[in-house]
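Presented sequentially are two complexes of chain A, the first with chain B as partner and the second with chain C.
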Partner chain A sequence: MEKRVTFRGWLLPLMLIAPQVVVSAVFFFYPAGQAIWQSLFIADPFGLSSQFVGFGNFEFLLSDKFYLASFATTAIFSILVTLCSMIPALFLAVMADRLIKGSGVYRTMLIWPYAVAPAIAGVLWLFMFNTRVGLVSWYLGNLGYDWNHVLNGGEAMGLVVVASAWGRISYNFLFFFAALQAVPRSVIEAAAIDGARFWRRFWTIVLPLLSPTTFFLLVVNVVYSFFETFGVIHTITSGGPQQSTTVLVYKVFSDGFVGQDLGSSSAQSVILLIIVGLLTVVQFKFVEKRVHY
Partner chain B sequence: MAREVHGMVEKRGAGLWLTHVFMILGVLIIFFPIWLAFVASTVTQPEIVKPPMPLWPGAHFWENYSEALFSGVNVPVTTMLINSLVMAIGIAVGKIVISLLSAFAIVYFRFPGRNFFFWMIFLTLMLPVEVRIVPTYEVVAGFGMLNSYGGLIFPLIASATATFLFRQFFLTIPDELAEAARVDGARPMRFFWDIVVPMSRTNVAALFVILFIYGWNQYLWPLLITTDPEMNTIVMGIKQMFPSGDDVAEWPVIMATSILAMIPPVIVVVSMQRLFIRGLVDSEK
Partner chain C sequence: MKKSLIGALAVSTMLSPVAAIAQTEVQFWHAFTGRLGELVKAQVEEFNAGQSDYVVVESHKGNYSETLNAGIAAFRAGEQPHILMVFEVGTATMMAAKGAIRPVYEVMAESGAAFDQDAYIGAVKGYYTSTDGDMLSLPFNSSTPVLWVNRDAMAAAGVDPDTDLSTWQNVGATLDALKAGGEECPLVTAWQSWIHLENFSAYHDVPFASKDNGFAGLDTELMLNGEAQVAHLTAMGQWAKDGKFIYTGRRNEGGANFRAGDCALFTESSAGYAGIKAEAKFDFDVRPLPYWEGVGNAPQNTIIGGASLWVMEGHEADEYKGAGEFLSFLSSSDVQAAWHQNTGYLPITAEAGDATRAAGFYEENPGTDVAVIQMTAKQPTANSKGLRLGSFDQIRGIIDEELEGIWSGDKSAQEAMDSAKERGDALLRRFETANR
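Let's look at the complex of A and B:
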């Protein structure tokens, strides 16, 4: 779509767009270019000189068992976070949608966690499950279950998943709730007249009508669990134990900043860049579809 | 959002009560971590380190909060709150201003490179800070912006989302308005200030809510570039309050800080709920 009425001149618009373009160039494109460039070199341990290795860093990464493990960890992590945040959100939204009065109050209560930063969510959950003082881990201990996410990789994963999914429930709830409110009453009532009970109506009518929202949320939740959960992981497990919660973004950070392995960290950045690109394309394809829906 | 017509799918009696029970349970479970943090921020360290900790607030609210606010662990929490506020407002205002300007240029002008710049802005969507951590750090270090507000704000300020949102909105502004402005001999910037900006008020406000929370909740970026505790933001500073090694964390102060860290964004979200939901839906479209 274009405007038919426009103003003349070219200097003014260039000046108007300049701040955005300069910031993008300096802090987005130049660093991204640097990442691509650096991914082709290996720096010596002192950072004094570097040697061109072509795709050597990539070849090394793709045969590195820690990196491949990190891929698997990321996949498991994002699937779990997506499921654990979408299913409770859908359930709560369906319940709220059944209410004629009072859903506003519940909604106000439920959006709180959205405002809580992932890193803070990490601290709250760490506190509940802390091996020394945690309330939940203490009760688990009384029940005979020895909770120790510091040593047990599975428990560590469970904890970062729950802490990451928790704040996301608010977000998904809002989208599901809005979509449910938009389901035409007439369709529901027609089904009710035909004798379909609540859950049958839900599975056969409501859920299919929610599919655009569901698909949209699937994509954004995967993006969220890939890129925005760093704070949760850093506060709760720092990637451990034995790298069992080291997702790809965490590995870029730990190899680049802690390990100072610039070539490998840059190559990992480039791989992430490709993943974001793919996810963005999926997201936009879908948005196009949703417009026509 | 109350519906006018309640037909035959109205729920009454047991079903309705059950729905309320589920909702209340859901809210309680979701609220529990926040409640527990609040309780921990009002009791003493010995009450926490000897589990189980109480479930009802204690009498040490002022003590813990004033210790957090005025002495903290590495740096008073007040300092971190101010840093977070500057960063969040800087990012939100900065993104809105540069996006308003560039969307105005793209919609209301035809100039060389217009398409190129449009795609360039679009592509920043694919470059979250997480994938360009090390090189962006080097750029900021090169500008001498480590441990500065500029370093916290500028690298996060470009916004494809906000630009697209404003572009979409500007396209719905009737052409007659621009036509009239041109006939009256108004210059473009006059039109921008007198017509476009006032008409965008609601969009700006909705976007501000979302961007404020985005800025406030940043973790990785401040972690990288603020090595000086005086420049820590509250969200990243909490992790720094945990002792390294075997020392016991000062839980009441840390939990008081966690509560303080969530108060500003919670106030923004809850008090501007309608704008928040609108901004959320708009910015994801």
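Let's look at the complex of A and C:
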């Protein structure tokens, strides 16, 4: 029989959840509602006149082959960012967990990049790979590789992925490291006594025990790569060359804040909202089944 | 803020105890930092010190796009400035926003400030006047593209630095010679759409868009996939393929290459003068932008880039009077001549240009008048008056993407420009709907 604490009356519970409800209402429901409303109009930037177009903005978007291509770009970008930020983080966490001396120093230093704002991270990476003065592109040139992300779409994608994933490695590292510390030593010792080597123990014991953290990070990182990466893309490629790094959220930003096209920008936000909602549902329905709590 | 206001009050009362009583404040939002920001600040201070009825308060609101955004957001919140700086690309957006802006000719007429539309240089003024010839915003900083030549790099590659580079035919031959002479970066450009399409079209007197480049109506369509433009881009694409034209990015990234002495030829705004003069450790020339001999009516005149000042609606009558006085001050001959000489931007009145010439500035700084001559040599035609296209910032983005397709060899010039037309026209139709 599990214990339950119950509240008498409605007032106290309502008051307790009120702050969260207010924050969600002001910063999520109100703007989301506005976006849905605005997505039905084509308006001039000054708000002087607007034409009701029903689903016209959605029709305009979905018949634009460049917008549709941007879905594929976003999928590739998100998968790469998620993989590139989680796998190195897990590796670093496992290594840091094995350290006996100086793990505090490593830990602190590995967390640093998270404090760098995305736009600044973008500029840093751009500087290293600058086609004229970049250190890395210079070394690549010496090795006989002609780095030119200004015209080469693949290289541009690689660069924005690395720049976006870099800061996230720290964030993911923090969670993996904490989760590793929570793995019971007794289980690992028992396996060790049974003769299981490090990697064997890692695959059969540690990784399954990390699955709740991994799942959480998967959701969070996908959401990150969908919504928070436009700063990096804006500073490094502005979506180019051609459209090779124009992900959905960057188009929302540039149509809304550069092009002043609020109708199209709102419609794109609504589409993005639906996609991420669906994606999260899928993740909880299918991926979570494989998670052991 | 409060402190500085009190400070300013204290200072102005000390200077002129009588006049400081009822000064009308005029807000001026602009996009300039660094040296240009200092020069704007100095202009404002000079105006404030020169009279006692009005105080102009200048604030920097970020780059061009951010300043326009700030103005729009402020208008929606009912807190717009009196004067807003808007880059030339935002002109159609502002013109369509009747009810948000007050045309400059009206402001001037009401304020009673000295204002003669004919004093302004036609090619500058044309960009900002209505089809009836009324000036809607005041041109502030205007520049036009020219060809910059690194004389040392030419000589090092065994090419005569004084070679005639007035036509693209000659430039093409020179690029071959430079490449053969071991030059790794014969030609580089800034602002590719502005120089190699918008100005290219005006310079050859071919349309960039229908309806007089959008001046005659919102139902305009792009015509940048015409024969002349495609031929030019095909040649550029071939040069890119042969390593004679080096693409460095959508904005003015190429400026760093040129100023460092890495490149021989550079197509860039005349306003690049200050930076090149300060940094270049080599002999350089300013030459007119090249044209294709025998194409269109080249050389017609080039068009401008830069920004103009818009007066916004929703303020008091005496504040508009102050705004009018300030704009009149800005276009006075002395202020303009100093601005032109300090920045490399064009003088906006013929008088300011004459004053600069009379002062011997062009002899001391050879090449600084190339842009002025190039813009004013001929009367602008319907194709060379300027561009007035809605959503043009976004359309430039599309053009940039398509041009990258040509430079990388993914697309032919014709395919790329056909696609740019199709995508750009869709945005023009949306703009038309929004402003119906």
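The rule is simple: the second predicted complex is superposed on the first by the 235 of 293 C-alpha atoms of A that agree within 3 Å, B and C clash if a C-alpha of one lies under 4 Å from a C-alpha of the other, contacts with A are read in each partner's own complex, and residues count from 1 in each chain.
We adopt the following convention: a residue touches a chain if its C-beta (ideal position, glycine included) is under 8 Å from a C-beta of that chain, and two chains touch if they have at least 3 such contacts.
This structure is a prediction, so every number in the text was calculated from the model and none was measured.
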Which superposed partner A:L272 touches (first chain B, second chain C, both, neither): first
Which superposed partner A:L143 touches (first chain B, second chain C, both, neither): neither
Which partner, chain B or chain C, touches more chain A residues: B
First, second, both or neither for A:F257, with chain B first and chain C second: both
Which superposed partner A:R132 touches (first chain B, second chain C, both, neither): both
Common interface positions of chain A, toward chain B and toward chain C: 132-133, 257
Interface residues, chain B side, partner chain A - complex: 1-3, 5-11, 15-16, 19-20, 22-23, 26-27, 30-31, 33-34, 36-37, 40, 48-49, 51-53, 97-99, 101-102, 104-114, 117, 120-121, 123-128, 130-140, 154-155, 157-159, 163, 170-171, 175, 178-179, 182, 188-189, 191, 213, 216-217, 219-220, 223-224, 235-236, 238-239, 248, 251, 254-255, 258, 261-262, 265-266, 268-270, 273, 276-277, 280-281, 284-285
Complex interface listing, chain A residues touching chain B: 1, 3-7, 9-10, 12-14, 16-17, 19-21, 23-32, 34-35, 38, 88, 91-92, 95-96, 98-104, 106-121, 123-125, 127-128, 132-135, 138-139, 166, 169-171, 174-175, 178, 181, 185, 188-189, 192-193, 198, 216, 220, 227, 230-231, 234-235, 249, 252-253, 256-257, 262, 265-266, 269, 272-273, 276-277, 280, 287
Residues on chain C engaged by chain A in the complex (per definition of touch): 65, 69, 72, 75-76, 93, 96-100, 247-250, 253, 256-257, 260, 262, 391, 393-394, 397, 400-402, 404-405, 407-408, 410, 423, 426-427, 430, 433-436
Residue ranges of chain A in contact with chain C within the complex: 42-51, 53, 60, 64, 66, 131-133, 150-152, 238-243, 254-255, 257-261, 263-264
